[in-house]
Amino acid sequence: MTVYLTRRERFNAAHKLWVNEWNEEENRAVFGKCSNKNWHGHNYILFVTVKGTPDPKTGFVMDVKKLSNLIREHIIDKLDHSNLNLDVDFIPKEIQPTTENLAILIWQQLQPLITECKLHSIKLHETENIFAEYFGD
Amino acid sequence: MTVYLTRRERFNAAHKLWVNEWNEEENRAVFGKCSNKNWHGHNYILFVTVKGTPDPKTGFVMDVKKLSNLIREHIIDKLDHSNLNLDVDFIPKEIQPTTENLAILIWQQLQPLITECKLHSIKLHETENIFAEYFGD
Amino acid sequence: MTVYLTRRERFNAAHKLWVNEWNEEENRAVFGKCSNKNWHGHNYILFVTVKGTPDPKTGFVMDVKKLSNLIREHIIDKLDHSNLNLDVDFIPKEIQPTTENLAILIWQQLQPLITECKLHSIKLHETENIFAEYFGD
Amino acid sequence: MTVYLTRRERFNAAHKLWVNEWNEEENRAVFGKCSNKNWHGHNYILFVTVKGTPDPKTGFVMDVKKLSNLIREHIIDKLDHSNLNLDVDFIPKEIQPTTENLAILIWQQLQPLITECKLHSIKLHETENIFAEYFGD
Amino acid sequence: MTVYLTRRERFNAAHKLWVNEWNEEENRAVFGKCSNKNWHGHNYILFVTVKGTPDPKTGFVMDVKKLSNLIREHIIDKLDHSNLNLDVDFIPKEIQPTTENLAILIWQQLQPLITECKLHSIKLHETENIFAEYFGD
Amino acid sequence: MTVYLTRRERFNAAHKLWVNEWNEEENRAVFGKCSNKNWHGHNYILFVTVKGTPDPKTGFVMDVKKLSNLIREHIIDKLDHSNLNLDVDFIPKEIQPTTENLAILIWQQLQPLITECKLHSIKLHETENIFAEYFGD
């Protein structure tokens, strides 16, 4: 019996989309307002889903408090009130901090840390109209 | 690496559920209040999900602005403030405009137009309590 | 001690905005897509707020179940799955069914029926981006 | 053509997480505040998803009103305003009423009752930050 | 210049509505399912609004972090995962824990503690369909 | 008859809270993570409420499309994808871009432009847990 358990967390961050090899006009053509050199920002909403069999005694796939602490320590504390292009150790400088790439990078951080069950997906909302989801392959 | 990218759009439309071969009583028995001959309507919420590998330079599975424009031109501009039984070229008159059928019809419109990555799913909310999802088969 | 108690209800309806003395072009100029002759529709969300002193024994400003039943009998049962221009006894044919006018008309229906405390406001959401509120004067 | 149709329902209930063989301290260590002996409670939100081919005439995977009635009779009427540890015939006393276990138990109740199409998933929200989903295996 | 600043907090609690002098049948007649002797519960959402002039240097009506800490220490830590009839020092046993009364009681706790600006209102959501608001008189 | 009509709009922006006369430690002490020198950001949600008597013919307090265009031209186009400390002509450099101050500044921009009815309030959400409201005095 496999149950999927999801924890929602939030962070607020600045970013811009910008390719260094391109000039301002070229960046504007591809990224539009997202290339504003003085940054912009979002209230990101993160959904981390793990899967496993509920423990017969506790009824837990995983202790959701432990899952929350793990997400906060390894993801939220690094991303919240940060600049995603400049401040975060696990976001390489040459990688665009798009919602798609952030979902992959958050997966790569969390996947090795979830040992008592399995990480299933990372879903990240950038606005109420845009979100990305990654399942690890 | 496959990432799923979703864009939310909205439209407001009138419709009714009605089988021409049935009389008013028979339609009422099957469709309840949804068969009201003077129509009713909804604020529909549409989620279009595409999938693909993020471009190494832009970090985009697909330019979400381009996806939004495409949905607006081919779906929203035709459905918004329309009567789904009477006004829309891609909804055949003999097909009930249920949430289920609308999801299929929207898929059929969008699927050929999404060429740089793949359409993954169409999810359509009719009310806060009812939604349908279609994956193309 | 005055406490304000609010009950949320919902209804789905069709309508159009149309002045009979104007031709199609004039109506289009003023009402835009809302003048579509074949109607469109919305999921309306209604918030009815009453005010009064909580009863010392029950702790109720008003029995919220009773308030809900009253709204359903006198408002929702008439508006849900209706055409607001054609089907509703308390919406005069010469009055535009805008969110503003609907809020006033719903107030006028409910105000005399709320006797154990006082009606404070009617708030009506037409979309997630538009709502109107009326306080009775 | 398989379409997935979802109906949302809600119930409000009390529960606690507690293993009888453990003392208060041990329960507190594992379940934290959820082990409060005087109970606590939640507004649960339930999403029931069925799948099938829309009927060519009605456009229904399943009559959503019938689905709603079925959920209300067999699930909501038993869980709403109940104590999940004490009051519900289909929740065994030795099973923790965690979101994970509730999703499985609700699946087991509904699965045999949905005969004209297939039950696809049970999703249950305990708070805005925690939900569980079960697909039947 | 008066600006109104609101902080949202949440708590999950059990309660029942019950008048001791009445028997089970009488309680059932007035309170319906809310009188279930084994309790039920809710995810309460609390909105605390303060008002004042923004500080010319910090731009704060009040430090919203300080407001949040104050609400958590004096309200949330006492109400979260509690039984509102049994566990909370500032809810008198003879007072029904209705949304209306809880809003008043929370006001009475917080009002003396907010000294750098003024408490304006307490709004408390019991479900997505019911909320109460209190302004202090 | 006065009806209050509200339009919701959204913008995404970067900002930081920082007093120039203070050093980093002092700014950190007052503003916490909001003083991060590399900025952070939010998805702001703006509610603009106007009030007036519905026009007897159109049923409009104000044409909501016109209200939306006005907000977009004078507020959203300037704030969306901007840096609130650096990029916006109507935000003085010496004023902290707190939610409170932004609400006042947006009021001051819009109030003279709304001539056919009256501006009633500006409500601005910074996160799902924090919002400010200003009524013009």
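Labels for the chains are A, B, C, D, E and F, by order of writing; each one numbers its residues from 1.
Going forward, contacts are C-beta pairs under 8 Å (C-beta built on N, C-alpha and C of every residue); 3 or more make two chains touch, one makes a residue touch a chain.
Everything numeric here is computed off the predicted structure, so don't read it as measured data.
Chains making contact with chain B as well as with chain D: A.
Same interface as E-F, judged by over half of the contact pairs sharing residue numbers, among the pairs D-E, B-D or B-C: B-D. A rotation of 120° superposes the C-alpha trace of chain A on that of chain D, rounded to the nearest 5. Averaged C-alpha coordinates give centres for chain A and chain B that are 28 Å from one another. In this assembly, the C-alpha centroid of chain C lies 34 Å from the C-alpha centroid of chain D.
Residue positions of chain F with contacts to 2 or more other chains are 128. The touch graph of the protein chains shown belongs to none of the named shapes. Pairs of chains that satisfy the touch definition comprise A-B, A-D, A-F, B-C, B-D, C-E, C-F, D-E, E-F. The touching residues of chain D, counted against chain A in their complex, run 17, 19, 30-32, 95-101, 103-104, 128-135, 137.
Contact residues on chain A toward chain D in their complex (touch as defined above): 1-9, 54, 57-61, 63-65, 68. Remark: chain D residues 10, 12-15, 33-34, 36, 38-43, 80-83, 86-87, 127-128 touch chain E in the complex.
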